[in-house]
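Some structures are shown below for you to check.
Common to both upcoming complexes is chain A, partnered first by chain B, then by chain C.
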Partner chain A sequence: MQCLVMLRFRTLAVLFTMALVAVGCDSPKAEFHLDRVFLHKTFGEPESREEADSLRNQVQNLKEVMVGLFGNPDEPHVPQLTDLDTTTVLDVGLIEMAAGRVASDEAGRGRGLYREHCAHCHGVSGDGAGPTAAFLNPYPRDFRMGKFKFKSTPLGVKPTHDDLRKTIIDGIPDTAMPSFRLLDDDEVDSLVHYVRYLAIRGEVERRLVMEVMTELDTGDLILDPEDRSNALVEENLELVKGAVATVVGQWANAASQVTEIPSPPDQWDSHDSVQRGRDLFFGSVANCVKCHGQLALGDGETGDFDDWIKEIDEKDPASKAPDFLALGVVEPRLLDPRPIRPRNLRTGVFRGGRRPVDLYLRIKNGIEGTPMPAAPASGLSEDDIWSIVAYVRSLPQEPISRPEVQVEYTRERL
Partner chain B sequence: MNSTIHCESPWPHRFALVLVCVTFPLIWVGGLVTTYDAGMAVPDWPSTYGYNLFLYPWTTWFAGPWDLFIEHGHRLLGALTGLITIALVIVVWRNEPRRWVQWLTVMALVIVISQGLLGGARVIQDARQLAKIHGCLGPAFFALATAISVVTSSFWKQGPQLEIIGNTRSLYRVALFTAVLAYLQLIFGANLRHIPVTADVGQFRVALFFHLAGAAALALHVTILIWMVFRLTQPVKALRRPVSLLALLIVMQITLGVASWIVKYLMPISAEGRLREGGFVIEADGLLQALTVTAHMAGGSLILALSTMLALRAVRLAPSGTESSASFFCTSSRLTELTT
Partner chain C sequence: MRQVFSFVFTLVAVCLIAGPAYSQGWGNLKGRFVYDGKAPAPQPITPTKDQEVCGKTKLVDESLLVGTNGGLQNVVVFISVGPGDKAPAVHPDLKKAASEPVVFDNAQCRFSPHIALVQTGQTVNLTNSDAVAHNTKVDAFNQPINPLLPPGAKLAQKFTAEERLPAKASCSIHPWMTGWLVIKSHPYMAVTDENGEFEIKNIPAGTWTFQFWHEKAGYLDSVTINSKATTWKRGRVDLDIKDKASLNLGDVKVAASAFEG
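== the complex of A and B ==
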């Protein structure tokens, strides 16, 4: 009897030790990964062995150049530019506060904020492929294309500092993106700078990949460490600097391109205005109905994809995704390239904010990276847009917006 | 009954109980340290910002930031637990004749010391992997403290009061296995929680799978245990109570587990669309998140301790009577008098 129990104790001890060893397996060092989907798309499948080798060298060199420019997650660098002040866009102090491992000092000032709060979803490289990402819908944003949805600037222009602050502080309702309102002001600023750093890093990488593809001869390195003298190096150095300057410049200019929001006309949310908005919504100019559907339940055009999924393939990402998976790239968007759904406008939940000005900006400027278009420059006046805002805001109040009625409707359609 | 060893002193049990009662809050606070990512709020060890652990000015401690408050508090509670363990070792060695019980307390002391060192190493080397081991050894210590308090209890010394007919032997086997499972499940949970940010989605998926499978297995085992306990011919309160409480805890724990996911990531994607969401915004590091997740973690330790207790009691009730079992079970003359 005692013997038996002792035996059990031994089994127990063995199990404990095994479990603890399993727990103790060390995690890899944090580093920035190159965007392998983009690389593969750009360079395609190498045809011969030599080609594969020279490509590998080029990519390795690219990786080194990237580390030279931006450092690594534990020691980030900010590339220095001679004719552009980078500090408003990339503040070294703030970036360092968000980078590296998690810690805090006696005054409670945090360190490693990005890894503490963001990386488990957005990934260390900002690729939106953190460990939890596959389980979230929508997927966490991949910063590397430098596209952000909810902002006060037109399509194609970067978000401002305050736009990113707003998303971090308010969070995004009905998604896994939480509100960080409990963080200190400078902590949020630090995260904004770090997100921008990751975005710029990603965009510069994409540009350099394109440069290698278009400007360099097969097998040529961007910056050959053994060859510091000749003209080619000078030329390539200019290419690299040019890429960085373009991207940083775009971010620096965002603040000057904020869309001006005209104050709404009198009676903008009157019954008449709502009716006008309704007509516009269904009309052929705005044509919101095309995507958002007859009942604005977001069931009009449902087969489209957002730009992050379209990266896999414009038309049929689902059938191309396995190719990338076969290369060993594990990203949630490859595991399940979900189509984008136009928003159901009857829930009253708007991801970019539900204030009239938020809706004005969404409708006026569209939503970056998604099929949601900007209002056509001609054909819709500012007052028209305010009327549409009024109509969109009135939708959740209509009887059909109650869930039972919607279920009924869906059943009928099925 | 010449071979009977007498264990008269109530003190070992009392000290063991105190140890259990101090360890549970220690585990809570430890969980909070992880929840708030406060593990590095004090960068040095064993000193706190240069001060001796016990001499760190309490005004600075109370008035300081929350991170520092819980990390230093965790250290103080840990030190207290260590001191109580030392006391327990002394009391047991002086009053308890059973060798193996004496060595159990030594084992507890070794664990508590390693636990302190691990915690320290985690700070000095800033290694999250060590944090995970530290977090897994804590509940093991809690279970050990519970075990010591069970084997020194009067229940243990008294033995079965009535003849129990039923399959007690397979009962204790299942109970022991449940305790092991509870511990493994705890480790799976820690694995999920401490998943490194450098892990990829595949690794997270595996960690999640194990934790969910563990939950299912544990729930199944507890159901079987309930069935076995309530099927015994005699209503054995000493088993019925813990097993019922265990079942209750499992239900709570599963609820808390689902809640932990929801307060962090919103609806699991399998439930999306079917449950209407109402424009809910998660608050990062808010009270709701911290309490839910820490309660889930503490619940795991409680389940482990309770299943350990149940297993040991089942061991005690299993048929015995051989010579060698005397030193194992021990009796108290006071109790024997009472019962004969």
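== the complex of A and C ==
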């Protein structure tokens, strides 16, 4: 028992030393900022000066704990809490390759890969609010919720290492996300680890904000550096460890939960199968028509939002966004909280990839963070899903998807 | 070293005092929530699609429902188990209840019930009694789901991890639909009925932290009991449950201002 307590104190001491070292230096280093939209939404407007002060202390403390756990963009840490193996998910060496300023080491290997290739859109904190983000449609992904759209795992399960590799290597068609095929293999791995590091950092932060809100009394700090004699410290340390362990655990378990894709039946893309897919598309079981529209132009349900915009407000983000802007939070989603558009299926461009297996996964599992639901467990067979894939793949080939170019718009040479 | 000893001592002492592990017997908790003020009539909802199904019954915004006698409906009450706290023992009668599935139905384009109480590991049957398709998007912190439910569908779902706050359920096809799943690792939770009343039975005797939450007001932190203004920090209050006794909170008034904004 005594030994255990000693061990925990050591963990605590390490955590605090890390926090102090990181916070103590008063240099203009890059730092991660907290998600102020989530903070404000969770805690609301303070009603009195005392409440505002105590909230400010709690938030400052949270920030220090986060630095203690994850370091800062120039010197990232992987949270080292006892009885937790983080190495498969967060490789320190690979994370360091992507972190910090753009440079190269003695052997000529790149350093600061994230800031070289990603940060201008995705932001130093991975908030999807880099300098160019406001000009892009769709907005760059904000990693902090830990939600990723294009993956081989079901809703609620994290993407695998290979899923993130695929997105980086292939890019995302019809968005500003380019292909990074020219990077070396280990450089892509390094970026995958770093993106995961930013996502885990963001998710742990969200959990700790929730814990402060739901478990702590008003004004109580998560880890108070001046109060070590209290059982509360022990309890709160468990709380921090729990948050890290849950999030890291979810990422570590992703690979074992990959959706098994059955091979398509013979003749899955025959004329009959396409016809069957068409019936299913308009039928009440799959009901694709509801959102993707009668013409499959993505003109069905158009008033909904994705989870990143819904964070501002579920129903009417446009009217709530100015509240956050007034606090000085500048994020593209606040400047223009755009509704999400169901995919126009006639262009032949599919963001998660156009291979039949890509479309199968989107239909089978739905798309994380969006209104696109997972296929019903009963009432829609695997063969049915392949027929829908066949129909969706046939749509861009239909004559109305390729209207003839009107002659009067062509430019004539003089 | 001395410090460590004193710490261990404190820890053991705290464990002994706080731990209701040795308690015997079971008690109940009940009470009635009252909306203090003139209750607004629920706003009617006009379905924007599938009128032939969704327009059959009168739909209203259920985020604030007050009974004719001022009873505040849909207040969620539960025992809060923090990290390091011992989970409450489960009464034998309640063990069987956990093996029964909870039904969370899509009926006439609303969630029925509006708030479902679910234990971790318990089966929730997500069903659709309507002739149109719904999807049930549950924004749980630990286990978000979004299955499509065709007419007549029944999907058995389980949640493995407790949720601190009730998880919101919505349907992307019918954006007005809102419901909640309260997901806890124990059975000690309740929702107030149309009279504002709730009762939790067979709670192990001892002191437990109860939390009170309403979807529009959030945690109920300012309430009036027996005309005495009381603050429940973040909706929490420690209550002493005694063997073979029913603790009655009486009328708990919540000011109308708590529901604004």
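Note that the second predicted complex is superposed on the first by the 370 of 414 C-alpha atoms of A that agree within 3 Å, B and C clash if a C-alpha of one lies under 4 Å from a C-alpha of the other, contacts with A are read in each partner's own complex, and residues count from 1 in each chain.
Keep in mind that, in the parts below, a contact is a pair of C-beta atoms (placed from the backbone, for glycine too) under 8 Å apart; a residue touches a chain by one contact, two chains touch by 3 or more.
Model, not experiment: these values are computed from the prediction.
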For A:E235 in the superposed arrangement: first (chain B), second (chain C), both or neither?
second
Can A:V102 be said to touch chain B (first), chain C (second), both, or neither?
first
Touching A:P371, do we find chain B (first), chain C (second), both, or neither?
second
Have a look at where A:P131 lands relative to chain B and chain C in the superposition and call it first, second, both or neither.
first
Report for A:V89: first if it touches chain B alone, second if chain C alone, otherwise both or neither.
neither
Using the touch definition from the top, say if A:K290 reaches chain B (first), chain C (second), both or neither.
second
Would you mind checking which one, chain B or chain C, touches more residues on chain A?
B
Show which residues of chain A both chain B and chain C reach, each in its own complex.
1-2, 5
Residues on chain C engaged by chain A in the complex (per definition of touch)
3-4, 6-8, 10-11, 14, 80, 82-84, 131-133, 135, 137, 139-155, 161, 164-165, 168, 170, 172-173, 175, 218, 233-234
Give the list of chain A residues in touch with chain B in this complex.
1-3, 5, 8, 11-12, 15-16, 19-20, 22-30, 101-108, 111, 115-117, 119-120, 123-124, 129-137, 170-183, 330-332, 335, 347-349, 403
Would you tell me which residues of chain B are touching chain A in their complex?
37-43, 49, 64-68, 126, 128-129, 132-133, 136-137, 140, 176, 180, 183-184, 187, 190-191, 195-205, 208, 264-266, 268-269, 272, 276-286, 315, 318, 320, 322, 324-325, 327-328
Please output the residues of chain A touching chain C within their complex, sorted ascending.
1-2, 5-6, 9, 44, 155-156, 207, 210-211, 213-215, 217-218, 229-231, 234-236, 238-239, 242, 246, 284-287, 290-291, 301, 303-304, 307, 314-315, 366, 368, 371-380
